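Here is the structure we will look at, set down as structure tokens.
Note that the chains take the letters A, B, C, D, E, F, G and H in the order they are written out, and that residue 1 is the start of every chain.
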Amino acid sequence: MNTILSIKPLLAVLVSLLVIPVLVSSSDRPNVRESWIFIAGTITLLIVLSMLPVILDGNQLALTLFEIAPGASIAFRVDGLGMLFAIVAASLYIVTSIYSIGYMRGLKEHGQTRFVSFFALAISATIGAAFSANLLTLYMFYEILSLATYPLVTHHQDTKSMISGRRYLIFILGTSIGLVLPAMIYCYHVTGTLEFSTAGIFSDQLSKPAATVLLLMFVFGFAKAGIMPFHSWLPAAMVAPTPVSALLHAVAVVKVGVFSIIRVMTGIFGVELLSTYNLGVVVMCIASFTILVGSCIALSQDELKRRLAYSTISQLSYIIFGVALLSPQGLLGGIIHIVMHAFGKITLFFCAGAIFVATGKKYVSQMSGLGKKMPFTFTAFFIGALCVIGLPPSGGFYSKWNLILGTLEAEQSIFMLVLLVSSFLNAFYFLPIVYKGFFEKSNEEDENMPVKIREANLCLVIPLIISAIISIVLFFYPTVFVNLIKVGLAI
Amino acid sequence: MDIFVICLLTIGLFFFFGGAVGIIRMPGFYTRLHPAGILDTMGILVMVVALAIYNLHQLTFESVLLTIKILLIVFFVFLSSPTATHSIVDAGMRAGLRYWTKKKEKE
Amino acid sequence: MTDFFLWIALGLCILMFCPLYRVMFGPTVLDRLVGVNAIGSKTVVLLLLIGFIYKRIDMFVDIALAYAFLNFIAVLAASRYFHKRKGLYEESFLD
Amino acid sequence: MNNYPALIVIAPLLAALFAGLAVWIEDRLSYYIAILGLAVSSFSALKVLIQVIESGTIQYKMAGWDAPVGIEYRIDLLNAMVLLLISGIALFNLIASYKNVEQEISDRKGSFYTIYLLFVTGLLGVTATGDLFNLYVLIEITSLTSYAMVALSDKDRGPLASLNYIFIGVIGASFYLLGVGYLYMKTGSLNMMDVADIIASQHDSSTVLVGFILCMIGVWIKMALFPMHVWLPNAYSYSPVAFSRVVAPLMTKVMVYVMIRLMITVFGFEYIFNTLHLSEAVVWLATIAVLAGGVLALAQDNLKKILAYIIVCEIGYMVGGAWLGNQSGMTGAILHLLNDALMTFALFLGLGNMVYMLGKVKLNNLQGLFSRMPWTMTGFVVAAFSIVGVPPTCGFFSKWYLISGAFEAGAYHFAAALIISSLICAILFFKVFEICFFQSSPDLQGQGHGHKFQVMAEAPVSMLIVSNLVSFSLIVVGVFSGTIVKTIILPFLQGI
Amino acid sequence: MTVSTRSPGQNSCKQTSGYLKSFFPFLITFFIMFLSWIVLSGKFEPLLLWLGGISSFFVSYYFYDLIFPDFKLKYFTVFFRFVRYIPWILFEILKANFHLLYIAFHPRLKEIIDPQIVIFKTNLKSDIAITTLANSITLTPGTITVSANSDGVFKVHALDRQTAEALPGVMLEKVAKIFGEKI
Amino acid sequence: MPWQIDMIVLFFVILCAVAAITVKDLLSTAILFGAYSFMMCLLWAVMGAVDVAFTEASVGAGVSTVFFVAAVFRTSRRTKD
Amino acid sequence: MKFFGFVVVCLVGGLLLYGTADFPDWGDPDSPASTHLSDIYIEHAFEQTQVPNIVTAILADYRGFDTMFETAVIFCAGLACFLLLRDFKERKERFYRHVPTGVILHVKNSKKALRVGRDFEHIDKDWIPSDLIIKTVCRILIPFIQIYALYVVAHGDFSPGGGFQGGVIFGSSLILLAISYDLKILVRRIKEKVLGICAAAGVLVYVGIAAICMPMGKSFLDYSALEMFVFDPHHVRALGMLGVEIGVGIAVAAVMAIIYINIVSEGRHDEGL
Amino acid sequence: MGMTDIIPLIVAKYNYWLFVVLMMIGLYAMIAKNNLIKKLVGMNIFQTAIILFYVSIGYKSGATLPIIQNVHEGHGHAAIHAADYINPLPHVLMLTAIVVSVATFGVAMALAVKIYQRYHTLEEDELRMRLSEK
């Protein structure tokens, strides 16, 4: 495995950062502004993709920017995992930006320039997190992401969004400063380094209780992953405009949380150490709890976006669950679930947004009969739901399959039950919506529907179709990602 | 010479003593001013003159000048002390401080 | 002779207690002023005496001289106060 | 002869005097004189810093006398850095505050600039000097000027705050002086190095101990460590903004510098940490200071006061860091000294812009500020994040060193306090931001949808440029903090 | 009640017009100042003498009108007569001092004193004469000048009847003679 | 140098200080403060610090008291303690 | 507060007393303080600076840097008083006195000022005729005080005193003028502008003398660099000190007057004690 | 221990003890007094106590003033013995300290006048009352 010095990771981060001034300066010409976003997204994706072959060859790209203290620097390193995550983020960024053009214009939202600027900043931070070479850099981008999404979450600037924003900050900033920061500095204090390495950075300086506490601090500290006691920001943050919810809650924010946990578990602690101390089970218990409880709560939600949010909470824990299995198959399943869930869930969110733009309806109970009027949307919704539930022919099946294999491999068959039960629950809360949309008759159709309901505009529909298609494609061609994971974790 | 100085100093001290006692014993503000203002001035005069004379022990030009300088103090004190006394009395009068008289004491 | 000066100085110091008593216990502000004035005049002499005790009278004359001036200024300022502000017993100051 | 070290201090002093003359001749001239003086000073400071980095400590003998006899300037890496910091901040603030001064103290601008320069002179002198007593005199210059400045704003209760400041400030300075006296008693010298040499053999003397404690108490009072902080919030929040912008970042920081200087150069770590065993108590004190500062800040409703209490909190950081007794802690303290000065400066620059436009900065005056003054708020937000400790800004990195120092020393309570205070700061600033972001300003609410029609009313360009420049420098300093540590702080700490 | 209205500031305005009128007081002040300087200094190094000269010049240039607001040649004679007056007054003071000492140490102090205020009018006109008399009265123990104004009205606080009755007495005559004024 | 004088004067100084802060009238405080300065000046002279004594004489006895009186003139004499 | 004060006082007092336990005896000639630096100064000061008053030598030369800032402190105090109190607003109420008759006019809220001349004078609110005796005596005393003050300034090298003391005495002579006559007389005689300029210029003299040494190739304040300006190179340091003391004197005198005037008139410069 | 033994013991330290007493008087006044001007006086006492302390350090028994005698009789500086003269350094320092204290005092007085102009009182509790009224 070679490490190649390259400036590309930095460029990938900087592109969407540098586009912000341009966006701000062209704030009174929306079309110019949006084309810039599109260009930036494309360039980012191209840069990311250009690194792909090198990575697949088993190399790494690295760039150290600033050394803060010996062993702690701001540095980029692109490996398989980071690449995987970056590809997901960058590609979905383009999709989402198209979608958000349609959404924002469709609803005539205010402050669009601010919105797109912070959006770009969030993406930049996400890619930065993906390419971080060490925990310090990761933490930095994690924090930037938290702060950059705050104005997005509270975009409406009303009391409701203020309260949600408050909750968002308390959970995200509180845990990251209160738990991750001390844990990280403690790691640094013990080992003198924060570089991710597959073997972990601890040799034998850590006793089991200390390791347990540290690991829990990290797992709960990266609250963006929505592990159960620190999940409640996620439903609250649903006040945000849907593109935000889509990107944030399917891709950027939550996945950064999960990604960080994966990084810590695989790069800081190392699989060896975790399995020696048998810490995987601890994490797995937590994750299972979240999976089940999250799904159950999702069942009871009537507002579509909230239901999706709780679904996200439980789905995220799949990933952590997979990683915590500490077996190759489990790791593969967990990490690939990042991709699969990203595409599936973003489709669902897009659909929810499209429905809202087209009909103004937010609640599941109001959605009877909409399927006929918005066939594309509901088809995509169906595909997304399949993907999340984990049924073929969608990508979700691949990851769940691997997870189940992983439980067997790790000889943790009890936890297989968790997966199965939760999949049933998933099906219970998604499929009724599809059923309602397509087969139930709308009861208020005749009376008070002044505007005729039809498909939302193209800017909204195209992205959701694309993402739905991709989630199916991934079922057939997951190889790239699988290879990336294998390269990244050397399994 | 020394004895003369000693005598003068003692006298001066005696004046000061008188002033001090007067300040304590006199009834009323205005009467107090008399010993304070005047006996002290006299004390200064006598003592400073004594010291000036003592300074003439070595009779050089410099010590003569120095003696004059010491006597300058007397000059200034004689100029300023009565003025200060007067100013204090005036202040008392303007401030409306009643002065002590025998009659008042009897009442 | 130095011893004699010392005794005289000590005597003056002790004498200073009387005006100091006036300064401290009043009863009126002007009484205090009188006391300060008296202390000032004693101090001038004391300074000269100390000068002789140190055998460096040329240095102490300056101080004594300055003292004589400045004491005057301070007393004048304080008494000028009453030229402009009436009421010796302004508030509850009788102690 | 290399006269730059003297020039750092003398240039502002000369400028102050010329400005003082200009008051009576042509009032407007004084501003330009002030700019010139500070520019020369900053330039010299830069030059000296480069020299020190290249060739080590510079000694400058005042009046040509050798060290213990005369007064010497001893500029090592720490000094040089702080000097540059002070002169730079003073210069930038001067540039930014032309309009503020014009607005707040229009009828006596010249005198203001004169006092301002004297204040800066004092700070620079305190930093540069190698003599204990000279330090006292210079502290008094800074104090006296700040007393005058604090009382200057007529609108608020400046004079009262100032008088209280005088009382406490005098106690502080006097304690310091007394401590120096105790040391002088045992050493007979006033030069720091000389005193240090002599003290080395007198570690068991109770006089030295009391001298040390007195010096420390004096400096703590002057820097507003928690129980002695009572003067600071009022003093800083009632002073005219052009001045509070420079006094808030610099005054306390310079006192922290003095404390570090005394600890390192005069008494030595050996004495403080191995002979005395006071460090634990002081770290606890610092912990309390950090927490109390944060909690008190939460209770305020005036932005100026909030910032003032945050300073109290930050003081705890530095004191605690310096007293942890290890290299990381000390590095953190020194780095935080630099960072905190910049952060506070950036915050107060933003504040100055707000004051210029709004007049009052009570929290409920700030409604709709994000849309009204976006550029000001950009700078302000960056500075706030730096205080909170968000990574690429410099506040994070010094906190990093402090916390790892705390871990190293086993002072977990201090680390916890640091983290809690970060959280408190986050709450605090987001409280402010929420008001600025969610509420639209009352004078525009009548026009319908509030925020949608809000007009931008931004501060003058000169102020904006400075405030955003400084905020940007927070990030730059942050990412280069490794370099700073490596080239300045570590060599300095290893040199002793 | 009318009071002296002259103030030195106004005088200087008036006097600058007459060059000679301001020059003489200046010159004499200069000499007095320089003499004082020499007495004070006691050193005859050229540098110090130069400094003395400059200082004296400075003081006398700016403040000559304080000592001599209206300069008359008569002052020379006044000066000599004044010098002769000094021993007499000193003796008087000494004499009266013993009286005061007697009072101060008297065991029944309150019985022998009888403070009272005496008001009398003189015909003294010039400030300096009035001041001299007032100060002489004050210096003579037992009596303190409470106020004196430019009309020559004196208000004197006397410690006992004896001293009160002696006022104004010989002193007034002497002072009047010095300054060449009518009694 | 005679410590007796020093001691007596020091004693007076302390008396003056106590009186100055306890007396219930600010003008009296000013005057006592002046007396305090006189004593201090004497004390310096006794200890041979002529320069300090000179400074204290000119500052303490002169301008300081005058400033004090001026300030009292412009404010009030009233004090509760 | 009283109890708190008492506790603090006890604590601090106890601490200080604890520190005194290790002190050398009072007046001990062998204490470190009296031997280390002090010996160097005493033995070499005269030889090096030609100034017999060691205190002055240290004050203005060895530790002249301190003294420079001390002067700056004074300047700062003057400036602070000016800055805090100076009030340029004209008073609305005015009092005039008709000189020949002594009638006092009280003019309320007047825009145009009465012409002050031979007949009318502008007086204070609580005006009293200035006392004849005090006035006369002070009139005579003031020039003497001033020459004495200047003497003190010039003889800082040989006797106690120096710039600061002389300046204070000079300043108090000005104050005496204001007290014995009227504040207006002082303000009229010595304009505020002059005082302000003097205060700054005095310090500037000091700093200037010190700074000139730098271009002459020596370090700051090193008077020996001034050799080419003086006629007596042997005494160059003494002369340098003299120059410096004069600067201090000017500044201090001006500042004292400024502070007094501002305090006593609340910054209006019209009426005072 | 007889009287003769106690006296030197007292003489050796009393100056230092009394300076502490003086200083504490000043400190107490600053903390506990209600009137601002009283506090100022306390402040000044406090500062003077420190000056007393320094001057006491400088004192050297059996020595004379730090002004060299007989300078004009040739350059007799070979005869200068350090033990003959009082330590001049504390005096220098204290000159500066006095100047600083008078400067502070002046400014404080100006402030007091300013406060009185606005609130018409100098009592701290009354001031606090006035402030809370607003």
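As a working rule, contacts are C-beta pairs under 8 Å (C-beta built on N, C-alpha and C of every residue); 3 or more make two chains touch, one makes a residue touch a chain.
All of these numbers come straight from a predicted model, not from anything done at the bench.
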{"item": "Neighbouring chains shared between chain B and chain H, ordered by label", "value": "C, G"}
{"item": "Centroid comparison with chain G (C-alpha atoms), farthest chain", "value": "A"}
{"item": "Chain closest to the middle, measuring from C-alpha centroids that were averaged per chain", "value": "D"}
{"item": "Maximum centroid distance from chain H, chain identifier (CA atoms)", "value": "A"}
{"item": "Pair of chains joined by more contacts [C-beta pairs], B-E or D-G", "value": "D-G"}
{"item": "Chain A-chain D separation of Cα centroids, rounded to whole Å", "value": "43"}
{"item": "CA centroid of chain B to CA centroid of chain G, Å", "value": "30"}
{"item": "Where chain A and chain E are represented by their mean Cα positions, the distance between them in whole Å", "value": "101"}
{"item": "Separation of mean Cα positions, chain H and chain G [Å, integer]", "value": "19"}
{"item": "Sequence positions of chain C contacting 2 or more other chains", "value": "16-17, 33, 35, 54, 56, 58-59, 62-63, 65-66, 69-73, 76-78, 80-81, 83-85"}
{"item": "Contacts with 2+ other chains: residues of chain H", "value": "11, 14-15, 21, 23, 27-28, 34, 56-59, 61, 63-67, 69, 89-93, 95-96, 99-100, 102-104, 106-107, 109-114"}
{"item": "Chain G-touching residues of chain H, taken from the complex the two chains share", "value": "11-17, 20-21, 23-24, 27-28, 31-32, 34, 56-63, 65-69, 71, 75, 77, 80-85, 87-93, 95-96, 99-100, 102-104, 106-107, 109-111, 113-114, 117"}
{"item": "Complex contact set, residues of chain F against chain G", "value": "1, 3, 50-51, 53-55, 58-59, 62-63, 66-67, 69-71, 73-74"}
{"item": "Contacting residues of chain D [partner chain G, same complex]", "value": "1, 3, 6-7, 10, 13-14, 16-18, 20-21, 23-24, 60-65, 68-71, 107-108, 111-112, 114-115, 118, 121-122, 125, 131, 133-134, 137-138, 140-141, 144-145, 147-148, 151-152, 159, 178, 182, 184-190, 198, 205-211, 213-214"}
{"item": "Residue ranges of chain E in contact with chain G within the complex", "value": "1-5, 7-9, 29, 32-33, 36-37, 40-41, 43, 47-48, 51-52, 55-56, 58-60, 62-64, 66-67, 69, 127-128, 130-131, 134-135, 145, 147-150"}
{"item": "Chain D partner contacts - residues on chain A that touch it in the complex", "value": "65-69, 72-74, 110-111, 136, 139-141, 143-144, 147, 151, 154, 157-159, 161-162, 165-166, 169-170, 173-174, 177-178, 181-182, 185-186, 188-189"}
